[in-house]
Every structure is written in C-alpha cells, then in structure tokens.
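Just so it is clear, A, B and C label the chains in written order, and each chain counts residues from 1 on its own.
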Amino acid sequence: METAGSRKELIGTAALDTIGMVIAGIDETLLENMHVDKKYRALGILTSRCGAAGQFLALDDAVKMTNTEVVTIELPLDAKTWGGHGSYAVIGADSVEDCTNAIQIALRLTDKYVGEVYMSDSGHLEFCYSASAGKVLEQAVGAELGRAYGFMTGSPAGIGLVMADNALKASPVDLIWEMSPQYGTTHYSNEVMISFKGDAGNVWEALMAGRATGLDLLKSMGNEVVSATEPYYDDL
Amino acid sequence: METAGSRKELIGTAALDTIGMVIAGIDETLLENMHVDKKYRALGILTSRCGAAGQFLALDDAVKMTNTEVVTIELPLDAKTWGGHGSYAVIGADSVEDCTNAIQIALRLTDKYVGEVYMSDSGHLEFCYSASAGKVLEQAVGAELGRAYGFMTGSPAGIGLVMADNALKASPVDLIWEMSPQYGTTHYSNEVMISFKGDAGNVWEALMAGRATGLDLLKSMGNEVVSATEPYYDDL
Amino acid sequence: METAGSRKELIGTAALDTIGMVIAGIDETLLENMHVDKKYRALGILTSRCGAAGQFLALDDAVKMTNTEVVTIELPLDAKTWGGHGSYAVIGADSVEDCTNAIQIALRLTDKYVGEVYMSDSGHLEFCYSASAGKVLEQAVGAELGRAYGFMTGSPAGIGLVMADNALKASPVDLIWEMSPQYGTTHYSNEVMISFKGDAGNVWEALMAGRATGLDLLKSMGNEVVSATEPYYDDL
C-alpha cells in the first residue's frame, strides 16, 4: 500500500472532511454510467462529509476563474451526527491543469466559506451569499446567473422556518424556493431552507436577519454553537 | 446578536432536542410556498432532532385542548447517531395566544411521552399509545379519530419486525400499516414500524407485548438501553 | 421483563451491530403487509445498524448452504455516524431449523466479511468479492448467478469515483452499475458504488486496485482508518 498523500489523484483536503481530487482520462464505461454527454479529458472532484453551501460557493468561484465546466452536483444525506448533508461535485475540462487549478482554488475557498456553517449538538445552521452567482450555484440551487444570491438553512427544521420568516420580512428579495423535510428536498434532511435573489444590498440584509435569528434560536437550545472554521460575514 | 432566549418567537425547549416557537403574521410569500390554503394569523412550531411519536402524541393532546389546527407534519431523517427520524410539525390559529398555549402544552407533554423512546449504541425503540386519537395522529400516522391507537418501532429494522409479530399475536387489533426501510417509509430509516387500532384494552396489550420483545432484543445486543427521559408506561 | 438473551427469537449477534433472529409461524396479517406471496412457516432475519455488503455476502453463502429462500433485502440509511447504510434481510423456509442454521452461518461469516469495511472519522470504504454469486447477491445488487462478482463503495462519494476509475482501468471486467448520491441509490448515502462481474481473476484484480486507491485516499484525509474486525483479503 502506498503511503498517505502519494496517490496521484489527490489535490488536497479542507475543513468539514472535504477532499479534492483530479482524474486524468477517466474510464469510458464509467463516464457513460455517469450520464455525461461530453467526453472530458479530465475531471475534478470536490466531495465532503459535511456541508454543501460553502463548498458549492467555493466551487462556483473556482469555475468562474478557470476553464472548467460543471459535470454533476449532488447532495448526499450525511453530515456525520448532524441532520444535514454532505456534497459531491464533479467538474470537467480538456486539461488536467485546468481541473487541478479549479480544485485547488475551491479547497482554499472552502476553508473560508464554511466559516458560516454553525453546529451544536442540537442542530446546525448554514449561510451562503454570492454577489454574482455562477454556473455551480445556478445548477445546484437555482440561482440566477450574474445576480446576487442568498441561501440559508436551519436545523431542527422549525428553526429554519423562523429564520426564513425573519429574513423575508427584513428586506424585499425574491424567494426562489423554500424546502422542508418532505417538500422539495430529495433526502429528507432535518432542515427548512430558502434560496432568494435580488439587489445585492437587499439579499445581504435578508441573510443577516435570518442569521441573527438562527444563531439566537440554536443557542437557546442549550448547547454551545461553533463555526466550522471562522465566521467571516462579521468582517465584511 | 441578542442573548440566548431573548428571541421573541421562542416558547421553550424539551427533551430530545425539541424546540417550540410561535410566528405572528408569517410572511405571505413564505406561507404560499408551504402549500397552505388558509391564511393563519399565527403559526406554532414543534420541531426536534430526535423522536417523532412522542412529540406528535404531545401535539395531538395540545391541539385537542386548544383552538388550533394542523398545518404540516413532516418526518426528517436525522436522530443524531440513531437510525430514526426527527420531527417537524406546524400548527395554525387565528391568535398568537392559542398557538402559544398549544406549544407550551406540547413541550410539557413531550418530556413525558418521549420517556417511551429507548436508545442504545446498537439501536432504538419507540412506543406510543393514545386512548382516543386526535387530528395530529390522524394526519401523521393514519390513526382513526376518537379510537384507541398504538404505534411501535424498532431499530435495527429486524428487531421491529419481531416486535410487530409478538404484538399482533398477543391481542386482536387492526393493523393500519407496516413499514420497513424500503417500503412505506419515505426516508429509509433503519426501522420496521407498525400502527394499529382497536379496543383500548387490546391496543394496550399489543403494545406491551411488543415493548417487552423490543427491550429484550435491544438489550441482547450488548449495549446499555436507556429511556430518553423516564419510562412511564410501567406506572399506568 | 425477561433477562437479556432469553428471548426465544434471538439467534445471536455479530460485528457492526448485527443481530440474527428467527420467527416461527409469523402473524398472517403482518406477512401479507410485507408483500410476500408465499406462506413461509419460518422466517430468518439478519439486520444491522452498519454495513450491508459484508452481511449480504454472508447471507448469500448461508442461503446456498441451507434450504432457505430470500424474502426481502433492504437498505436503510443509517450507519451511525457514517454516511452509508445498514441492512435488513429476511429469509424464509418451511422449518425453523433451516432458518436457524442459515442465520447462524450468516452471523459467523458476517464477523469475517465485514473485516473489509474500513472506517475513519472522515469516511468509510467497503469491499465485497464472491467467486460465485448466489441468490442474495442477485437480488440485493444485481449479481449474475454463479459468476464472479465484485462490489466497492467509498465515502465521501468522490473517493468512490476515483476508486471505481482505478478498478475499471486495472482489469477487464463488466460494470453492472455505478451509483452516486442522487443517481441509482434510493437513499442518498454519501457514496459512489460500483458492482462488476467477469472472470474471477479479473474481478479480484479490479477489486484490489480500487481497494488500494480507497485506502490511500481515506488515509490522506488525516484520520485513522480501521477495519470493522480484521482485514482478510490480504491473506487470500
């Protein structure tokens, strides 16, 4: 067995058990089974046990900055002991270098963006803001290309509903969708989630209102609430 | 950020990471997305990470005792490190006071009723008995209004099957449904569950037979089995 | 309440919170609800919180060696704190003795076969090889009766994809299916899985290539990787 880190596909790891890899010249039978039309010469993979919004936001930026395309974006139900999901994203390109660059960027940004994932023994919260949504956010969550986008989720699910109510009352944004355990989510996670778009200032204001609500309510459940890395919306 | 507990929507918390909240005048766009026909002035929310039968039984009693109606009852797959589910229930009323009363009652009863949730590192069991099912149990689990109702679940799933067999052999009750991971449940929890109705004495007898079976089998897996709060069927 | 172990249905337990039980003369209403055409006099149950490939492989051998038939094979999403699944399998026979023999064999082999389940705090891997697939593997995973069969899964899901690519490149086998969180799996586990068949030597070579890849990548995530019992493919 080779020693850890010697595997040629490995690009690196990031917070929330995220790992980035690149495949050169993927096996053709395998590619056909993945329902991909295009024969990419290289695939980049960003996959995690916990969290998805932060990783997808990071990959959204990475795809914007490189010559790569989205192949698949999927949400497993995992999140270790939390009632949320992990992430599985594959991008494609003509060259291994482009995929490698994109995955390296995504790993760096994941460490930053998952700072807005908050967890306690009683539940979790996740926030995501993009001033200009790209193709990953368009495919993963129905964002409008080039427009400001906001996402928030709260667990247990009822906390997400109260967050959503406060967010939408705080600022005039367009609700893209609301999902609860049995409506909209495919995987019955213990969350109410909303996606919304609008003017950048309004999206931001709605997000901050939902975030204050969620942090208050999760803290009221009695267990310590911590960020996955470092909160960074406070500094913006 | 406000300090814990100062959030105006918060009513209180209960066992198994349960939280109760009330929303006054919910955002209209959000309400439409929740597929609710009626424009309730107030919503009450009972939501948890773990357990559902106890919370739904508590809310069933609370709705009977107050001027409130069921809006949605959903089952996320969560339960922390157990293979079961959490709960997400929303009720509606014309007044914030009615919702607040109902959620307060439901929180108090949750602490009592989840005493019949048993957990070990190897699995879990859940039991629920109502002498006269109300609208929450009708919507959540197909109980017959006003009739005695029994529910039991066991995990890993096979334990639930042996419990069900012993329960149905012990007493003449009507089986409402049997669910296993891939049949009936929408969320592939690691459980076999049954719902049944009948004369109160028979429903009780079936429940006790299944309960004795489940506790025995879960204990035989070698890890300590504990109640979420205090067992209370022993005292009835 | 009876003391642990005295329950008549209990046959025994095995690794990964696996329990084996037998029911004599199951309740008829219950059997009808399980969508089983045949009225078996006895049912054998093998059910676990974690792992499925090892248990199904064990049961496959057990059914081959006894006069029993497959009733249902189901995959719950559980696996405690891992992003995989547990297992729920029921077999039937005309005699309690046949079921008991089969479940005893399956429990013994489970302890051996789940040695090829590897876990760390960051994810898990599972490997399964049969030189000649039987009816359990046919029904559970689409194996071809009597032909060599290989299965592998990796979590977080992206690791499973890189494993699959290396396996298929290593040896000429026939891919039966590839599943990712939202395609093929019904339960959105955090895995990419493949099933393949072919000449025994080729199936083995593909499996070993995927196994080396998966162990490397999971180790690179920084947490200790351990077998559920003892690795045993090294000794073959």
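In this section, contacts are C-beta pairs under 8 Å (C-beta built on N, C-alpha and C of every residue); 3 or more make two chains touch, one makes a residue touch a chain.
These numbers were taken from a predicted model, which means no experiment stands behind them.
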**Fill in**
At minimum, the number of touching-chain hops separating subunit B from subunit C is 1
**Item:** Classification of the subunit A:subunit B interface as same or different, half of numbers criterion
**Value:** different
**Fill in**
Distance between the CA centroids of subunit A and subunit B (whole Å) is 31
**Request:** Would you please write down the residue numbers of subunit B that are in contact with two or more other chains?
**Result:** 77, 81, 187
**Fill in**
Touching subunit B in the complex, subunit C uses residues 1-7, 9-10, 13, 17-19, 21, 23, 26-27, 29-30, 33-35, 45-49, 72, 74-78, 80-81, 85-90, 186-187
**Item:** Residue ranges of subunit A in contact with subunit B within the complex
**Value:** 77, 81, 83, 121-123, 155-159, 161-162, 164-165, 168-169, 175, 177-178, 180-183, 187-192, 194, 212-213, 215-217, 219-222
